[in-house]
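Across the two complexes that follow, chain A remains constant while its partner is chain B and subsequently chain C.
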Partner chain A sequence: MIFSLAVYGAPFSCQASDSAYQFACALLEQGHRLHRVFFYHDGVYNGSTLATPPQDERNIPTSWSQLAEEHELDLVICVAAGLRRGMLDATEADRYEKPAHNLEQGFTLSGLGQLVEAAMISDRMITFGN
Partner chain B sequence: MTETTEQPAVNPKKLLFLNRKAPYGSSLPREALDAVLMASAFGQQVTLVFLGDGVFQLKTQQDPSEIEMKNFSKTFAALELYGVSSIFVEQSSLQKRGLTLDQLLIPAKLIQSHELTELLEEQDQVMSF
Partner chain C sequence: MILHTVNRSPFDTNCLNDCLEMAAAGSSIILIEDGVYAALSKTQFTDQMLAALPKHNFYVLRPDLQARGIQDCIIDEIEAVDYSGFVTLCTELDKVVSWY
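Presenting the complex of A and B:
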């Protein structure tokens, strides 16, 4: 079965990101396909490479990044929701003349069309958060 | 930034957007409306349901200027241009908040909670906001 996930919750603040990550791991283990994970609303913070939790705690952005590398996942952060909240890749940092960018490896910024496309392509679209 | 403008070659899907939050306490309602417009631009069969505090999103005469927020409720008028006419308000949610259909910005149909169950079952996807 083809799944896509929509994540609206910020990591380390509510359970949404952890649940989404664990759900993603479980469905991949069971041999399903994960078409896309779309991060919207406060979920965009899942892609911050600057997240620095204590060393004995899970690092959610890093976990996503590793999972993406293992399974060639499409991790998309909504560009409009991301820019508002300070999630920038090198191109956007350059465009808006910001001193830094902070997108974790494996994440990309793209438009809301990616959320709709994921809903169209997937057998199941699961929302996490709020 | 890479924006997808190409539409995938698949049949339109029935996408239901569930709106559950009051308009300005969270940015989720505004972000939901953006997603609704995108889904209709992609030619999907879009249905909107307003439930719980979500019914406040459709209240007329919103003015959040004093809390430095944009009045995004004007964007609901665009739904008609996008061909979205399947708009439902859960009856008891509206009633409990002392509102009536004529206090809403756009034409909406009342739906009972047991009818909502059936409506949800008909959908390909439910997008919850």
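Presenting the complex of A and C:
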């Protein structure tokens, strides 16, 4: 079965990111396909490569990145929600003449259409709100 | 039928109430994150849950119960499942609606 997830909560603020991550691992374990994880609202912070929790704590952006590499996942951050909150890739940093970019490997910035497309393609769409 | 997820404590928000008012009879409801507090057996919300039990299939996410140390204090009739069981419920039911 094809799943997609929508994550609306910021890591380290509420449990949405952790729940979505555990759910993603469980569905992949069962042999289902994960078409896309879409990060919206404060969920965009899941993609910050600058998140630096203590070394003995889980690092949520890194965990997503590793899972994406293992399973070739499509991790999409809403570009409008992301830019507002300072989530930039190299292209956007260049476009807006910002001194840095901070998108974790495996994440991409894209439009809300990707959430709609994910809902159309997938058999199940699960939202993890905050 | 629909699987509803509820992730907020009934002590904090009206999330559970909204879900119970909208969910059709026979639908399934899984309590996750702080929503698991609704499964406690001796609170002001227990009677409401007991009244709703015959109308819906209730589940509660075991790892979230354990994280809060309340796995031994829940209403007997509510089935505890792990993430794998949560995924299976999503596949068995037609749609998933999240209340948060």
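Simple rule for what comes next: the second predicted complex is superposed on the first by the 130 of 130 C-alpha atoms of A that agree within 3 Å, B and C clash if a C-alpha of one lies under 4 Å from a C-alpha of the other, contacts with A are read in each partner's own complex, and residues count from 1 in each chain.
Operating definition for what follows: a residue touches a chain if its C-beta (ideal position, glycine included) is under 8 Å from a C-beta of that chain, and two chains touch if they have at least 3 such contacts.
Small disclaimer: the values here were computed from a predicted structure and weren't measured.
*Asks:* If we overlay the two complexes on their shared chain A, which of chain B and chain C does A:Met1 touch? Say first, second, both or neither.
*Replies:* second
*Asks:* State whether A:Val116 touches chain B only (first), chain C only (second), both chains, or neither.
*Replies:* The answer is first: A:Val116 touches chain B but not chain C.
*Asks:* Go through the superposed model and pick first if A:Met125 touches only chain B, second if only chain C, both, or neither.
*Replies:* both
*Asks:* Taking the superposition on A as described, I'd like to know which of chain B and chain C A:Gln15 touches: first, second, both or neither.
*Replies:* A:Gln15 contacts chain C only, not chain B.
*Asks:* Which partner chains sit in contact with A:Glu29 here, chain B, chain C, both or neither? Use first/second/both/neither.
*Replies:* second
*Asks:* On the A-aligned overlay, A:Glu92 touches which partner chain: chain B = first, chain C = second, or both, or neither?
*Replies:* Touch status of A:Glu92: first partner only.
*Asks:* Under the contact rule defined above, give the chain A residues that sit at the interface with chain B and also at the interface with chain C.
*Replies:* Chain A residues touching both partners: 8, 124-125, 127, 130.
*Asks:* If you look only at chain A, which of its residues touch chain C in the complex?
*Replies:* 1, 3, 8, 14-16, 19, 22-23, 25-27, 29-30, 32, 124-130
*Asks:* Which residues, counting only chain B, touch chain A once they are in their complex?
*Replies:* So the residues of chain B in touch with chain A come to 1-5, 7-8, 10, 13, 15, 21, 26-28, 31, 34-35, 38-39, 42, 44, 124-129.
*Asks:* Provide the residue numbers of chain A that touch chain B in the complex, in ascending order.
*Replies:* 6, 8, 40-41, 79-81, 91-92, 108-117, 119-122, 124-125, 127, 130
*Asks:* Taking the complex as given, what residues does chain C use to touch chain A?
*Replies:* 5, 7, 32-34, 63-64, 82-84, 86-88, 90-91, 95-96, 98, 100
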